[in-house]
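Starting off with a structure, shown below.
Chain nomenclature is as follows: A, B, C, D, E and F, assigned in order of appearance, with residue numbering initiated at 1 for each chain independently.
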Amino acid sequence: MSVPTDHLLALAAALFALGVLGFLVRKNVIIVLCSIELMLNAANLSFLAASRHWSQSTLAGQGDPSAGPIFAIFVILVAAAEAAVGLALVIALYRLKQSVALDGIAELRG
Amino acid sequence: MVIVKRKQLSLAERLYLPEVVRALSITLRVIFKKKVTRQYPEERMVTTAVTRGQPRLVLLDDNKSLACVSCGLCEAACPAYAITIDGEETERFIEREPKRFEIDMLRCILCGFCEEACPKDAIFMSDELELADFSRQALIYDIDKLKRPRAALQKRIDYFYGINDRWRKRSSTS
Amino acid sequence: MLALLCFLPLAGALLLLCLPRASDAVLRLVALGVTLVVAGLGLALFLGFDGELPGFQAEFVREWFALAGPDGTIPVRLHLGLDGVSLLLVALTALLMPLVVLSSYGHVHTRVKEFLLWLLVMETGMLGVFLALDLVLFYFFWELSLVPLYFLVGIWGGERRLYATIKFFLYTVAGSLVMLVAVIALIWKLGSASVPDLFLHTAALEPTTQAWIFAAFALAFAIKVPLLPFHTWLADAHTEAPTSGSVLLAGVLLKMGTYGLLRFGIQLFPAMAIDAAPVFLALGAFGIVYGALLAMAQDDLKRLIACSSVSHLGFVVLGLFALNSAGLRGAVLQMINHGLSTGLLFLLVGMVYERTHTRQLERYGGLAAVMPVFALFFVFTVLSSVGLPGLNGFVGEYLILAGTFEVSPAWATLGVSGVVLGAVYLLTATRRMLFGPVVHAENRKLADLGAREVGLMLPLVALSVWIGVQPSVLLDKCAPALERILERVEDARFDARLANPAAEDVQLR
Amino acid sequence: MSTQEFSAAFEALTAPAARMALAPLLALGVGVLVFLLCDVVAALRAARAPVFVGALILAAAAEVRILLGERAPGLVFDGTFAADRATALWGLMFVGATLLAWLASLGYYRENRPFKPEHDALMLTTPIGMMLMIGARDLVVFFVGLELLSIPLYALCAFRRMRQESVEAGVKYFLLGSFSSALFLYGAALLYAAAGTLSLVELAERDLSAPLALAGLALVAASLFFKVAVFPFQLWAPDVYQGSPTPVTALMATGTKAAAFGFLLVQLTPILPATGRATVAVLALVTMLLGNLGALVQTDLKRMLAYSSVAHAGTLLLLVAAGMGAPDEHGALGAALYYLGGYLFTAMGAFGLLGLLEADGARFTRLESLRGLARSRPVVSALLALFMLSLGGIPATAGFLGKWFVFAVLVDADMTTVAVLAALLSTIALGYYLRVIVVLYMQPPPEELEPPRTNRWSASLVGALCGAFVLAMGLFPALFLGLLGS
Amino acid sequence: MAETLFYVLGALCVVFAIGVVRARMPLFSVLNLLGTFFCLAGIYLLAGFPFLAATQLLVYAGAIMVLFLFVIMLLNLGDAAELEKHAGLSLSGRRLFVACSSAALLGLVGLGAAEMSTAFDARTLPAEHALDDLEHLAALLFSRYMLPFEAASLLLLATMVAVIVLAKRQREQARDTSAASAPAESQRKENGVLR
Amino acid sequence: MTPVLVMLLKTLLIFGGVITLAAGMTLAERKVSAWIQWRIGPNRVGPWGTLQPLADGVKFVFKEELIPDGANPLLFRLAPMLAAGPAMMAIAVIPFAGEITLLGQPTTLSIADFPLSALYVVAVSGLGVYGVILGGWSSNSKYSLLGGLRASAQMVSYELALILALLSVVVMSGSLDLRKIVEAQAGGLLQWNLWRQPLAFLLFLLATFAETNRHPFDFAECEPELVGGFHTEYSSMKFALFFIGEYVAMIVMASMTATLFLGGPEVPYWPAAPWFVQLATFLLKTGFFLFLFLWVRWTLPRFRFDQLMGLGWKVMLPLALLNVFVTGLVISLF
């Protein structure tokens, strides 16, 4: 595949922007969590695109192509951990309020 | 109060796998055993006197009139409310005979209570087992569908009397 | 010696902390004892001070900690020392403290232990400010002295004490924090925190740097003094403070501002002081008149005295920024005088308040008939404050006006008018309070002053008279130090002329 | 993987320098495992508390060894982790914060609490994350450290599952925390795309002026701003701080902030372009302003302290602004250490005492319920007043010198105007700190409310220790500056 | 061929991502996300990262998303009552911020495009060479990235504990009864009665 | 052009074969269950009932499509495809036999050869759970929902043990390529991983039962408790798709077990066996495991759900971890 790196980066940026949008706009915790996952994936895509970029023979030695996949692996791992904690929090929240809408979270105001 | 003691399982049992293997070996052996399946429409079940099929009304020897006097005892005894009887006066010496005698075969549970209740030995369980039709209405049997010549039910009638005799004897001795 | 003087009250405070709160009498006795010892030390210091020497004496130096400056480490030391000016202020503080403790017998009845504790902590703070010869240490004491006053006013003050304390605190802290930046900048630029060292090097700084550092210092001190635009906290704080607090506030704390102006304004940045002198002269002169006018408008006696402080301190600033011998001497003397006379006034107000529970002038009237001894003292103090010749106030004001006249006749004239106005409002107040018929029935049975009250005022009265008669005792002590400051000012003037020979004052010579 | 690579890896692990660098992490990590093991085995349950404290002490000892050893390990693990005197100091701070927060948490939870061991295990995990963050010389290490810190904290925030505010705090913290993690990751990815490396050491040598790199830096910085709650990412802090259990709040306010600022100052600041200095300075000032104004109007002490912590974050951000674009030449790091050290004890003490008062009901965090507390609880009030003064930066407390150092750095970096503005802003802060003292000392106790009576040795110990340290740092700074100097 | 596939997958990716944000029900959001993951896995594969593509499917699609669905079902969040009344902004006044941030991000990458626009030439790579060569990555994980790798295991342990704390049903009796004090005891009794 | 044709041909052949096999499995299931119960099983359609699947298929096609009231129509239709699709996709990399020649082109008998094929199978087949979950959710029925819920929990739990067991095999042969794994087992019977990794074999086998929702772990359907579980509301072709999905998944898992532990298409002691012998060997091995699926189903009772989760997390996961650890240790030491 000979797609330029910046096309991959642009795709990642679009995903990230959508993720940010979803995070800020939506009220349902689950959807917000989904948006966060979207952002993490955008980051992953960027890592891989960059890794691919630096592994070009013309750029040999200027960058470390293996750092990208490594970071991506860690990101996936952490995403799993975060999703688990997040969903556990959702469950805890639901047990208290029988709802997962973020509108309801207004106990703390000052 | 019943105290159920939990059985102490052995190590092998708790390991579970040996037991699984044992179970599998049992079923494997069964695979090669002779099968007990009967190929029904071709191979029919052999009926005997004990076979309790659908109830049928016995015709008198004239092969025309029913032995039934529409007393309604079978109707009362039927646990499934399958029997409906309307009686009417008759010229014959028995004075009453059924105008309508219907058994809803979809309800009938083939229990044989009607047979036992009948004081006139007018209803017996036949050896007929098959029951199929295209409408529910067709399965509500009327007199025409129920009546059978005595000969067709003779085996059951004999068996029935035999049982009764044995019972009578025993009760008289005691 | 100085360390003992400075930290003895703190030790006393710790001692108080350990004592049970059961017996007020014991607590008071201990506090009084400590302050008396400090006063004794102060007296010994005063007597043992060699008035001929211009530099700092009785220095005490201990390493404290070291800061990592831009060019190597800067040692911060517990460096105490005193010259003539600080000597007088230290002596004043040490003298006032036992009196304050004594006066508190009359009006502090709740949470005595804490009150005395804060008083002692505050004494350390105030002495520290006057004695500190390390800039960090100075700042340390400068802010430390705020906290006790905050509690003193906040807990034992009058009706609107919370408003007053917070206003007072925020005003002064805002100034101090700006000063903090300046302090840091100064130390960082010069690589030393020792005040005598700093004196040697300030001239080498960039003029703009000097200017803003001086401005920051001046702002903090001006708020403390308080100079004209920053004076609003003073009236509130004075009015709401308990008598002891007011005495300390007027007697000592305000002097911290003028002392700072002298030491860290004029002495540290003579060139800047020369440049800024017209502004300060103007502010001082307007402060005198404005304070006097304010005082005339007051009905509340304590508030009136507070406003008169603004006016009196205007004189001090006027004298300081006359930047000549007479002005400086007068300013220093006026600091002491103001401490004595205003202190006395506040004590008297406190005493009358303890009896009448009001400070409104119209609630008094004809008190002279009921309380003759009180009236005697009050009139004496007012006269001292107005500047009656023969009493202390006269000498200071005279010297200041003389000094100012030399520099700027216009401001001096305005200052004179301030003297007149001062006489007007103080004497009017005296009339309304003491003379005429006894208007209010409840004032008929007021008890006159007791022995304790008279006793605690007598030293101040005596001092007032003594200074009025023989000011040279004090002036001689501080003269060499002031000369030294003036030398720096002259040097700066000379430098300025060298740098700018076309300037006007060259031709004057 | 070939045998050579394996042995190389093990060699890297067992090299003396690596061992030394790893020791504190290992002490805590093993501590967590042993702690959980003790919980599982019934016979060992009594050993839980000793294991907890022991792990922390071991970690502290390991840090002290690095601090005082002849040669600090420096870069280990192929340059992805560094342990030197500075990180050892930070590490000690984290260990201290954890220990104090744990002490404050003993007996804090009054309701039926079956998850106590889990709580402690999570608490023991957090300093590992903090140490990784500080020592990280590679973004991967930093990221894992960040998560190792954050994930336990999410759970700890929501630890009082039966209380709405606690769960809400957890959810909020989680959502914004993971959002900031995502920002960080995307920023790191862009940085990697622009520079081709994740190693901070190498990044510092690369030219990062390309727009892609700048965007990456901005995102990474923004994510850290989230963690430390500075404008415009400060909104979560008050809610989360208020809703979380107080000891956890204390840990968050001190430990997390210290770790994030540590990384920000040690690693990121030199990389950040100097052109952004003004922006960061303005952000810092706005943060101070918002934090202070927010705190002014609070009626709940916990929430007020939360806002005040925002303000303090603003102050610390000034150090970042001062240090941007150059290796640390203004001593920003030392200043931050001292400031954070002081803040650690001050905030920990304040929150610890609040936790003590809360034992008699959450209402005792309300300002008006503390009226006249000085009469019934003189020591608690005195300590609280001390902490307030220290937060306000009054001399003789740790806060004063912290503020001093911050201003000193600013002056040194020729940001005097900023310093003056900051000084004026911190005057506002005194307004609300003093209000607490006013309430404690100068107002009559409310009649309808019983004064709090509870005494807990652990929380009292926290208060006393913190008070002692606050005073010591204010009066005898030489003791601590000696450590900093090295 | 591969290029076309990339653009198709990329476009699908964006469409699904829009679906994630726009979905009315959480379930559809999750499903759209799943679609995004599939497309991304495809892109990874095309870009030369087969291992990460598989991991993406295995961990993200196979585990994380199942967890999401599990929670949605457990809490039965598909109920009509749970639907959001309107898809408006939850944080009013942030609309501008959102728009700006999105635009800014896109713009930033547009800027970055100028410097990265060298087309990737797959021919320079040796044949059959995956960019995420597994053995190489593994060797790195066990040498250079040993520390984060081990820390990650601790992270997972902590996550487990955290999830237990958050989601496990609380048992009524405290674990070590010896430490339970008298008031706690009575409290428990009350609870027992209430139940 | 020829390579594309060959590819198409292979795809057609393999998919056709697998679908046929799946259809055959439906028959086999009924036959085996009959035998185990002393019965004969279907024997009317065609000789010995061999055409029964065809008849069933016809019946499915002509049945009426029902969508329950309140169900989500889109997901309801999508779910069966999601159940069948991944299983079919996973077939792609299974090596059925070695080298063959198609249309004069030498190639191997698998749709695709892929260096990470083992991972691919696990990744793709794990997705089958979505069909179950979504089918359960979209039916708007309690039984279905519970079935879907159970399936999701179960699959995630057992996938761990599955992957870890797979991993120990991967460690043994040093590759994720199924062909390499097969090659590593070439030679004789004793080369099979079965003997070298007995624990992994056992765990893998158990996990495949859980992954395919087969007895004794069939909690997603679980007739006595949940009527039909996730497919309670399904009928006609959609139901058929679920079934095809299940049986294809079984085939995939059985062939994976055969490949990983029994040497796949390798014929013991005959390394140069022609492709049809290899295919036959492979089918034989796979067939055994397929039979095992049926055999176990009609022998063992179902677990309780908590027992299932307990087994997965408390027994299999630690054992699998231990196995990987010991394997790694042994490999690195010797």
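For this structure, a couple of remarks:
Convention: contacts are C-beta pairs under 8 Å (C-beta built on N, C-alpha and C of every residue); 3 or more make two chains touch, one makes a residue touch a chain.
Only a predicted model underlies this, so the values are computations on that prediction, with no experimental measurement involved.
Following the contact convention of this document, D is the list of chains adjacent to both chain A and chain C.
Between chain A and chain D, the least number of touching-chain steps is 1.
When every chain is reduced to the mean of its CA atoms, the largest separation from chain D belongs to B. The pair of chains sharing the greatest count of C-beta contacts is A-E.
Chain closest to the overall centre, judged by the mean of its C-alpha atoms against the mean of all protein C-alpha atoms: D. With centres taken as mean Cα positions, chain C sits 123 Å from chain B. Computed centre separation for the pair chain B/chain D is 86 angstrom, with centres defined by C-alpha atoms.
Chain centres here are Cα averages; for chain E and chain F they lie 28 Å apart. For the pair chain C and chain D, the distance between C-alpha centroids works out to 43 Å. Multi-chain contact residues of chain A (touching two or more other chains) are listed as 5, 9, 12, 16, 19, 44, 49, 51, 53, 70, 74, 78, 81, 85, 88-90, 92.
Counting partner chains per residue, chain F has no residue touching two or more of them. Of all residues in chain D, those that touch two or more other chains are 6, 140, 143-144, 147, 151, 154-155, 158, 161-162, 170, 190, 193. In this structure, the chains touch in the following pairs: A-D, A-E, B-F, C-D, D-E, E-F. The touching residues of chain E, when paired with chain D in their complex, are 105, 108-109, 111-112, 114-116, 135, 138-139, 142-148, 150-152, 154-155, 157-159, 161-166, 168, 170-171, 174-176, 184, 187-188, 191. Listing the residues of chain A that touch chain D in their complex gives 5, 9, 12, 16, 19, 23, 29, 32, 36, 39-40, 42-44, 46-47, 49-51, 53-54, 59, 62-64, 67-68, 70-71, 74-75, 78, 81-82, 85-86, 88-90, 92-93, 95-97, 105, 107-110. Only residues 1-22, 24-28, 30-31, 33-35, 37-38, 41, 44-45, 48-49, 51-53, 55-58, 65-66, 69-70, 72-74, 76-81, 83-85, 87-92, 94, 99-103 of chain A touch chain E when the two sit together in their complex. Of all residues in chain C, those touching chain D in their complex are 63-68, 70, 73, 136, 139-141, 143-144, 146-147, 150-151, 154-155, 161-162, 165-166, 169-170, 173-174, 177-178, 180-181, 184-185, 187-188, 212, 216.
Contact residues of chain D toward chain E in the complex are 1-2, 5-6, 8-9, 12-13, 22, 25, 29, 32-33, 36, 45, 77-78, 80-81, 112-115, 118-119, 121-122, 125, 128-129, 132, 138, 140-141, 143-145, 147-148, 151-152, 154-155, 158-159, 161-162, 170, 190, 193-194, 210-212, 215.
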